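Both complexes shown next keep chain A, but they swap its partner, so chain B is in the first and chain C is in the second.
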Partner chain A sequence: MNDFSHRATWAYGSAMAALILFMYLPMITMALASFSRSKYFSFPVPKYSDKWYLEVFQSLSIRDFFWTSTVVAIAVACLSTVLAFFGALAFARYDWKGRRLFQKIILLPILFPQAVLGLALLLWFTALGITPSWQATVFAHLVWIAPIATLVIAIQVYSFDPAVEEAAYDLGASRWQVMREITLPLLAPGIFSGFTFAFLLSWANFPLSMLSSGADSTIPEWVSAKLQSGYTPQVPAVGTLTILAAAVVMAFGYQISAFMKRRQVKAG
Partner chain B sequence: MTAATGDTASASSAPPPILQLRGVDKLFGEFPAVDRISLDIREGEFFTIVGPSGSGKTTMVRMLVGMDKPTNGDILLRGERINDVPANKRPTCMVFQSLALFPHRSVGQNIEFPLKIRGVKAASRKERALELMAQLRLPESYYGKGVSQCSGGERQRVALARALAFDPEILFFDEPLSALDYKLRKILEKELKDIHRETGKTFVYITHSLEEAMVMSDRIGVMNKGRFVQIGTPNEIYGNPSTRFVSEFMGEVNILEVGPGPDGTVIDQATGASYHAPPIADSFAGGSLVIRPEDIRFLDDTASPAANKLEGVVYNEYLLGSRVQYQVRVGDAQVFLVEKLREQQLASARGGRVTIAWDAKDSTIFPTARFAS
Partner chain C sequence: MTDASVRISHVAAGHSRVSRAEPWQVRLGTALSKPGFLAALPVGILLLAGFVGPLALVFLFAFMPPQTFSVLQAPTLANFRTIFSDSYYLSFLASLQLAASTVAILLVICYPLAIAMVRVFTRKAGILALVLAAPLFVADNLRLMGWMLFLVKGGVVSGTMQTYLGIPVDSMLYTFSATLFGLVYINLPMMLFPMILGVSMVPAQMREAAFDLGASRWQVMKEVDIPLAMPGIMIGALITFILAAGAITEAKVLGGTAVVMIAQDIQKEFTFAQNWPKGSALSMLMIVLAGSLALAMFKRVDLDAIFGRKG
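On to the complex of A and B.
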């Protein structure tokens, strides 16, 4: 019995290790490729160099792409968090006539292939005479990301007792005070993860950006273009930096949510 | 106000009603969850609305606190119509079934919430919170504690303290004790009654347990299908239930379907036996004869006189703490419930032949309503 459980643990452990290896090995490879001096990747890396990174940092065009990606991601994160906050209340908290339909419709954009969604949006932009630009990209991202953020926040909405809001109202609070004192603080962890999610999804999105951004390219677009023609190890260097940026956002988010949790436990 | 009929006239001696309902309806589509209710709640009384689930009591209390509006009728607080005054503008508040404590706030912050909303300064808020905590026997050290770290009974006390901090004119309760275990519930029922006496406030309590209502209330309103079937003191309700529903709701009772018999007796429609019963009207065409289990006795001597006597076999005995309950089978189909104090427990229980008896005055007759009750 003991022997069996020992072996089971061992098998489970190796399966997990293999899984992690398969998931993260490509990223490690990319990091290695970005530090390799030669233009084409070979393993083991014969000579390390940071020259691709220097080139990346010196490139004005890459700086532009980075800037576009950041602005788009921040705009998408802010807008979709606001939309998702109210969307989540409509989705999970209030009973209203079209609620069931709303719950289904909001899922559809998530399930659409993004290339199709992007194409549909592009056709609309053209029909309406809107020139593709980073603003159009923000809109395109919102169509896909706001529903996802809505679901993330809705999970938090489901986890709290609606009577808590009624009790606050009954104890004399105005609707606005209920929102500020009760609803917002209780939903804060969900709102925060919705925001982080939205930022990261927008940051990494390629198909919607490609079809909507026109001249304002984002980092994933630049990566894709360079892969098709004119590959240099700048590509893995930018890729590594992008992942690093996402990791920093995630770590930062984790710290903030841990802080919020600590404060809540302390206070209540 | 000519239409105000059939309500308790405000006698000069009785305190004036603090809350009045005048023909209050709440319709959900066609269905009346609350059906043309008129009621006076007196200043300072402990009034309990009791009824089974679906009887309309929660709908009713939601209208009384201002969470819902009545479809028809008026709700008056000290004579002023408050139908359209929302919950946050009414000088009343409620202890919710789920308690609805704010999970992200400490015990102290929960209690201080209504004061904070009113803009009371932090120092006097804290003073009041600690005062209430002392009154409700919550240790001072709980002030900064999270509500999630409190036990069920402590959470009840926090919810009550928060409601008292609001200083309501009427305090409503929506079955707050229903989730607790029996023993704790019994303790808190008595505490709540003490708090009622100490504060002198009007309490309106909702429950599905008539037993709970009996312990705490000055008056009880029994609700069924959106209407009050009886309103009275606990003694009146227990001693003189007005309908079969009320007597059944009070606990396990023996119910026999009877028809009119000769000389003021009634005939058991299942067995044809005839019983002496309280006086019945000439127009009596049939109804239910209700006998409480504790009103039936065992006769040692089958010859001794009694109004109603039946022979049967004990086939089950249940210990209910201080009391014992017997199921006595009479004939093939009838089972009588008999309850005795533990001291009066039968020597030979299961399978023993017994004679059960009851007096006419201990039974109640409820004529079948000509219309659905």
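On to the complex of A and C.
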């Protein structure tokens, strides 16, 4: 169905390549800056060195920030997957009176600027006397990430045939059996995607962590603080490492979900 | 009407009121037995405690006297008066201007790219989408730091120009345009993906029919392509506008002090200045803007149709 001339295809191809380069250029620059030997980045880099990475690996405080980011991301991923699994059923599977309203309410936090949401949450936490901590950050992330995970799983729910569940009920299966034997396995790829999305979005979040975490800083917060005072190539080195970690999670997630889909096709 | 019939209708009205009000436990019971309502409860409670609650508190604080820390006082419009009499509304106007420019630039950049994704690279669209969405999983401030190193004096652009071409280039940071550039970069996927959805909603047969009937490329674009892709284009434009208007990191990392955006003013009032009512009143500008645009969007699009599409 490709009715484009050779020249047009070539033009669209180069536009696409330019877009991909544009999207990744800042990450490439950051990786380059992390290997610069001198403290201040200059291009072309006069001398390369891996000493900033060694410093990062030896720094106990940076290890703490990595740990906080990881704990928060795992907690957010687990909690939002559970919330989003049920939310997605309410969003897409069941017919009920409030469904249209519920769909809109789910979208609102995603459509709201995160920085302003983070500030409203700061006011809310302070008024309720909740001290900023990593637990507060988990809550703040959930407000934004659970709705996104709901949408991710809902897309899978839409392609799910309710007749399969009804058939199981007709054959005498209990509610719990249907959930365990039919609904969960069929939705597993979507649930897994929701989990991966939630983990990665929490891992990369700055605006919602900024005001909620207090002393338990995450990696993006440390980067922000260092950018304002005391840039060293440690900052791009840490940035590059977080990107590598995200890439590994993404690659694993992609492989596992491809495997799940293959298995489902075989079984179905 | 006779007395008796009046009495009867009174009784009937009273009775119906009672029967409507009496079994609220029953009504709650039926709601709880509906699987849809039950399934919606966990996220619903989360959003009540983490979204509706905080925004309601902001709303209340916006009408409290300045520099106070309780919502139990006589409401006043003093904060809104300060915003509009002092120059505080300027940051809001600057944010709106930046957001509008971001949307305009992204509409022009993303439309041909969406066409390319849907019609030219049909078979590779999945992997391309993954490659283009992946940067969303890297913190905004990290990616903006990458641009900072790219654009700063002695950075990639100015270093290349100086070393290889001998043309001295000054820093390109800390200007209005640098902030705009950051907003365009960060929000590009928010425009691109809804637009891809919109473009893929245009039936190929309809375009072919238009061409067969002798329409020019320009006419097909104006009469078929753009109107039919409009839902996606609208969603992209609205999301981008709201997110850009409420952004903070782009202005902080790339804009320096050249532009102050509304979210920066809100942050200042909530933190250093400790003026919750004024910060809340400024937030209300943002909440009303985001809320009215979101409502306008919900009126026009069918969410089931959008998310229900396979793929």
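As a working rule, the second predicted complex is superposed on the first by the 264 of 268 C-alpha atoms of A that agree within 3 Å, B and C clash if a C-alpha of one lies under 4 Å from a C-alpha of the other, contacts with A are read in each partner's own complex, and residues count from 1 in each chain.
The working rule: contacts are C-beta pairs under 8 Å (C-beta built on N, C-alpha and C of every residue); 3 or more make two chains touch, one makes a residue touch a chain.
Values in this document were obtained by computation on a predicted structure and should not be read as measured data.
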Clash or fit: chain B and chain C on chain A?
fit
Under the stated touch criterion, which partner chain does A:Gln177 make contact with: chain B (first), chain C (second), both, or neither?
first
For A:Leu54, decide between first (touching chain B), second (touching chain C), both and neither.
neither
Looking at the overlay, what does A:Leu186 touch: chain B (first), chain C (second), both, or neither?
first
Check whether A:Glu166 is in contact with chain B, with chain C, with both or with neither, and answer first, second, both or neither.
first
Touching partner for A:Ser42 - first (chain B), second (chain C), both, neither
second
For A:Leu21 in the superposed arrangement: first (chain B), second (chain C), both or neither?
neither
Superposition-derived angle with apex at the Cα centre of chain A and sides reaching chain B and chain C, degrees in steps of 10
80
Any idea whether chain B or chain C touches more of chain A?
C
Using only C-alpha atoms, work out how near chain B sits to chain C after the chain A superposition, in angstrom.
13
Give me the intersection of chain A's contacts with chain B and its contacts with chain C, in residue numbers.
none
Chain A to chain B touching residues, read off their complex
160-161, 163-164, 166-174, 177, 181-182, 185-186, 264-268
Touch list for chain A against partner chain C, complex
1-2, 4, 8-9, 12-13, 15-16, 19-20, 22-30, 32-33, 40-44, 82-84, 86-87, 89-100, 102-109, 111-117, 119-124, 127, 139-140, 142-143, 146-147, 150-151, 154-155, 158-159, 200-201, 203-207, 211, 219-220, 223-224, 227, 235-236, 239, 242-243, 246-247, 250, 254
In their shared complex, chain A is touched by residues of chain C numbered 34-44, 46-47, 50-51, 53-55, 57-58, 61, 112-113, 115-117, 119-122, 128, 130-132, 134-150, 152, 154-156, 158-160, 163, 185, 188, 204, 238-239, 242-243, 245-249, 253, 263, 266-267, 270-271, 276, 279-280, 283, 286-287, 290, 293-294, 297-298, 303-304, 307-308, 310
Which chain B residues qualify as touching chain A in the complex?
65-67, 86-88, 93-94, 96-98, 100-106, 109-110, 113-114, 117-118, 146-148, 162-163, 166
